[in-house]
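Shared between the two complexes below is chain A, which has chain B as its partner in the first and chain C in the second.
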Partner chain A sequence: MTETLTRPPVDAAPPPRQPTKRRRRAVAEEPGKPWMIRVPLVLYLLFTLIPFYWMLVFAVRPAGSTQLVPWPISLEHFDTVWNDIGFGIFFYNSVVMGLGVLVFVTILSVMGGYALARFKFRGQRVFLLAMLCSQFIPGAMMLIPLFVIFKGLGLLNSITGLIIAEVAFQLPLSLILMAGFIRNISVELEEAAMVDGCSRTRAFFAVVLPQLKPALVAVGSFAFIGAWNQFLFALMFATRQDKFTLPVGLSYTLGEFNTDFGALAAGGVVAAVPVVLVFAVVQRFLVQGLSAGAVKG
Partner chain B sequence: MRTRTWAPYALIAPTLVLMAVFLVYPIGSVVYYSLQRYNVTQPWKNGFAGLDNFKQMLFDDPLFWQSLAFSAKWVFVEVSLQLLLGLVLALIVNETFIGRGVARALVFSPWAVSGVLTTGIWILLLNPSTGVFQVLSEWGVGSPGTSVLGNPDTVFDALVVTELWRGVPFFAILLLADLQSIPKDLYEAASVDGASRWRRFTSVTLPHLKDAIILSTLLRAVWEFNNVDLIYTLTGGGPANQTTTLPLYVARQAVDSHNFGYGSALTVAGFLILLFFSIAYLRLSKFGSRA
Partner chain C sequence: MRKLLVAVAAAALALSACSSEGGAGSDGEVTITFWDNNGGPAREPIYKELITRFEAANPKIKVEYVGIPSASVQQKYDTAIAGGETPDVGGVTTSYLAHLVGQEALAPLDDRINGGPLKDKLLPSLVETVRQTAPDGKLYIVPSSANMDIVWYRTDWFQDAGLEAPKTWDEFISTATKLTDAGANKYGYTIRGGAGSVFQLITEAYAYSGVDNFFKDGQSTLGDPANAELVDKIADLYKKATPEADVNNSFTQMIAQFTGGSVAMMHHNLGSYSDVTKALGDKVAAMPLPVGPSGKRTVVPNPTDGFAVFRNSENQDAAWKFAEFLTSAESNSYWNEKVGQIPANTDVRSAAWIDSAAHVKMALGVLEDPATVLVPAPVYLPQYSSITKTDSEPQYQKVLLGELSAQQFLDDVAKKLTEAQKEWEDRK
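Up next is the complex of A and B:
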């Protein structure tokens, strides 16, 4: 911000710019038309942020208040949802589910992605085709058979069951994404390591894995966010209140709290904060990850 | 490097097992159930039904056709708006300006809070007594007590805007990823040749984005077709089934009525429709042309 404020007048000869390490601070290529960026950007920011702000306001102002800038801040709604309604338990379930899905999706997609990127094997095309096709399978339409399977396996009302179902649904896309990443890592270093006597496994851990960090972050956070927001499976397969995840808990409060918006908002904040934080940190990697070839099949 | 070993099979084995049990087998069983009378609440009536479920669906169930029509309308409106707005948003945050990183994180953030949470946020925003319309009316804009979700004339628009809120960012992320793969020197060369900003957009950017636009639009169409959580929690398909999509209809047959046989028949119909999209996607992505 200080840079914009202290910029010298246009007609004064600007001092030669010191080359800086922060490339993003480079001047726009056509500084004559900044409004073309700023006006739509500000409008879109308003569209994005006003709903978030509304939730925050409802969450922190006392019941009955209609202040738009709430002060003093009251935490009564958080107390209600966390302790009375059980969002503490839902939060715990969501964390377990999110982390479980993250771990399994990441490990399995690295394994499968490595197989796709570095080996040529019989059935490879069929495997890839099956994974692509799985992107067209609607979760809602799998509810009936999955319910029957889960009942048979005794996995209803268990977070483990939810993790397994979510991993199965997320894995294909994550695996394709990871394969794209690994393909972009040059194979020469790996081969050199193997010529020097490394086993393939050792070469993988020493050479490939360190370069995969951005991919791991992208795929892992993608998996976490997806699991955190998973609703239908959780609604269908977890009917006991102590197994609710945050979206399910929130959906029940949607009906019950038509009069208590404060509680609904506080529950929303509890559910939103972790994913928004995760997302804010990793969104750069997400864009990089998708450039690596996921969208292009 | 590319030798024949057991290694790749071992590496994909867990994925294969998961996909077989939780994706392939369920599809098979849906087809099987669709030929059965299978209702959890009336187990004494269960048994083989032949094509009865499909007959009922095609000839005696106006709600099937209504939900299908709404699905088509929903997908078309939502995807075309997302494409347009997503492209604009991607172009904006692809420009160089101060605070770009923060701007990106902010405008993309709704994508992270998908589903029920989006619904919760928008119910708060749109509620007639303390929502944004109430505040606007106090400022002299519009009438007090406007209920966009309870009004059959406005409920569709409210749904569309809500879905745009979380859908545009993801479309923009997809397109931004592709924008970043355009070589910078193409733009420099165009600038040297005196091409205007608009000309550079139509002659360099758009042709480069063409494939990504087509494929992400197809993918989005499928995802929007399949999307249930938002409509389910925002309107429940109402008022008067006006906003019931096909997957939502399936979910309600399954969750509320426990009518697994008929729900499965609806599912099979949905699969056939999506099959068309899958084939288009595979054709267009030229699957198999690369090794």
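Up next is the complex of A and C:
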């Protein structure tokens, strides 16, 4: 069994050797050969993928099985986590929370970021500094004050409360990021639009927003994933099981004495798949977004 | 968006008028909240069944079950206490009982226990452990079950090798060595070297040394040379009769190795019963921790599980009714049979299932044996957990790797425990 597992890297190693001289010259005057890059990369890829593979194996093979390549695939663990443990509800809660945070963080950071980038106002530097400083406060320290406030507002045991808390924690960084993106969009374009008769609002929607697409995707997807993985607040603010989110649900499957690895792995797959999907869809924009304005033309 | 705005607005308006879910309804019906301190799919159905039975017997009381992941339960209680949102009844073990009592979160239960059917029905050793945990010696939880450290072993491996379950530590070590075949990825034993290691190591050390008190004249006995001898022996086994990865083993990895079939013996407690039997069926059995050269059996008891009624509860009577119901002979029997632990209600001892649950019977036998000496670890010390976990677990790893002597290691821990104990005595 182990042989079949270890073989792929051996098989995968030869192809890098094939490239001809021409190709090597194309990679400029880099010293060394392509395999010097590819072999470590393949190893690194295996290193990152093996835990995922392991999780998948545990999730789809029947309890007690020790197969390395599970066949036939059993979905019993998914049935357990989804129906018996309640991952169906946890998943729904997580989606609502993730989307809520995504929408609010994106809208608010665009609005705030635009103000920071385009207007001068009194106390701007202090405001930015305060934003930065807020990042130094760990969430755990805010836990009890927030708990007391939320209790007073009746926001415990509600996804709305979680969204508010998470947006508050994510907004400063997103705002600063967004302001940076907007600063890199030339003011001249906006001014030209306004000369042509656009109002500032219309200029924003017609000229700035389309160029912000990569930034929106970057900020939005990070907001979503941050919310998706939020554990501490979700755990502490929910005292009803129907308000648990996925990370809390996952830790719920870990008993002090009993751990159902199959269920845990299946839960892990349920929690990981949306994140993988989000990144698969947006990664093209993400790289654009993060490097936008890195080099000024 | 609109829903959120409405919620915020409504909440702001209702700032002063907090909702109180636990209050009595107009028809005299009350809802109480119950927190399971080790929530999870394994225990939830057991409690749900008991709650159904309770609600059938008490139609005016509704119980809302909340399972708390065991890893976060202490933090969850702390937050709830600070925020004034405690449940009515909660599962609490003696390992963090002192901490909760210190925050005056719990209601004392002495009068309630003595005034009802539970009077004289609870295992005296457990009641004593609970009393010792609170600074004022009162009962803040009604004990429900106890756990004991044992060694799970593979009966099939033992049979194939023609070996018997070891009775002394020397036999244990030679057995572990004999059962090891590193080439075939089979090892005689697995050491817990990661999270939770020192808790277990302490029980092993006292089982070996036979030292019968955790403190003598206010000084911790952990540094006793006989204790160090055992730690040396265990460290000697590392990599010879145990997998090399053991140095980082927490419970999860340890049990994965055992149930995965690469290890013959694993020191844990009765709590892992369902895991090991689910994976290995009747190929697994339990034995008590071996005894040392003194031949005396010394047991460091595990934290005792129980139910607490919270002081903040508006329905303390209903809350107690539920806690009492959970510890009644019938419920206590049902619960402990399912999780495979030692029932606190002495009426349960005659229950039929105890005869067929070999591991519980074995553990009860050890606890009932008049020759057994109980050496309670000072779990009541507020620093106990940090001393035995954060401070000493990395040091123990150094011992396993041969970078620190066992004696030096134990002396350091003993010194910290002595200081903590002195502080505790001074405050009493």
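One rule holds for everything that comes next: the second predicted complex is superposed on the first by the 246 of 297 C-alpha atoms of A that agree within 3 Å, B and C clash if a C-alpha of one lies under 4 Å from a C-alpha of the other, contacts with A are read in each partner's own complex, and residues count from 1 in each chain.
Here is the rule we use: a contact is a pair of C-beta atoms (placed from the backbone, for glycine too) under 8 Å apart; a residue touches a chain by one contact, two chains touch by 3 or more.
Note that the structure is a prediction, hence the values are computed from the model and not measured.
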{"item": "Clash-or-fit label for the pair chain B, chain C on chain A", "value": "clash"}
{"item": "Touching partner for A:52 - first (chain B), second (chain C), both, neither", "value": "first"}
{"item": "First, second, both or neither for A:192, with chain B first and chain C second", "value": "neither"}
{"item": "First (chain B), second (chain C), both or neither touched by A:143", "value": "both"}
{"item": "Chain touching more of chain A, residue-wise (chain B, chain C)", "value": "B"}
{"item": "Which of chain B and chain C A:240 touches, first, second, both or neither", "value": "second"}
{"item": "Partner chain(s) touched by A:135 [first = chain B, second = chain C, both, neither]", "value": "first"}
{"item": "First, second, both or neither for A:41, with chain B first and chain C second", "value": "first"}
{"item": "Touching partner for A:152 - first (chain B), second (chain C), both, neither", "value": "second"}
{"item": "Which of chain B and chain C A:206 touches, first, second, both or neither", "value": "neither"}
{"item": "First (chain B), second (chain C), both or neither touched by A:66", "value": "both"}
{"item": "Stretch of chain C penetrating chain B in the combined three-chain arrangement, among 1-9, 73-81 or 199-207", "value": "73-81"}
{"item": "Doubly contacted residues of chain A, that is, touched by chain B and again by chain C", "value": "66, 143-144, 147-148, 164, 235-236, 248, 251, 253-254, 261"}
{"item": "Residue numbers on chain B that touch chain A, as the complex places them", "value": "1-5, 7-9, 11-12, 14-16, 18-19, 21-27, 29-30, 33, 88-89, 92-93, 95-101, 103-117, 119-125, 127, 130-132, 135, 165, 169, 173-174, 176-178, 180-181, 191, 197, 211-212, 215-216, 219, 222, 225-226, 228-229, 232-233, 247-248, 250-251, 254-255, 260, 263-264, 267, 270-271, 274-275, 277-278, 281-282, 285-288"}
{"item": "Residues of chain A touching chain C in the complex", "value": "63-64, 66, 80, 84-85, 100, 103, 143-144, 147-148, 151-156, 158, 160, 163-164, 235-236, 239-241, 248, 251-261, 263"}
{"item": "Chain A residues within the chain B interface of the complex", "value": "1, 3-4, 24-30, 33-34, 37-38, 40-41, 44-45, 47-52, 54-55, 58, 66, 68, 108, 111-112, 114-116, 118-121, 124-125, 127-149, 164-165, 167-169, 171-172, 175, 187, 190-191, 200, 225, 229-232, 235-236, 246-248, 250-251, 253-254, 261, 264-265, 267-268, 271-272, 275-276, 278-280, 283-284, 286-291, 295-297"}
{"item": "Chain C to chain A touching residues, read off their complex", "value": "1, 3-4, 7-8, 10-12, 14-15, 18-19, 33, 35, 38-43, 64-67, 69-72, 75-76, 79-80, 82-85, 87, 251-252, 255-256, 260-261, 269, 271-275, 278-279, 339"}
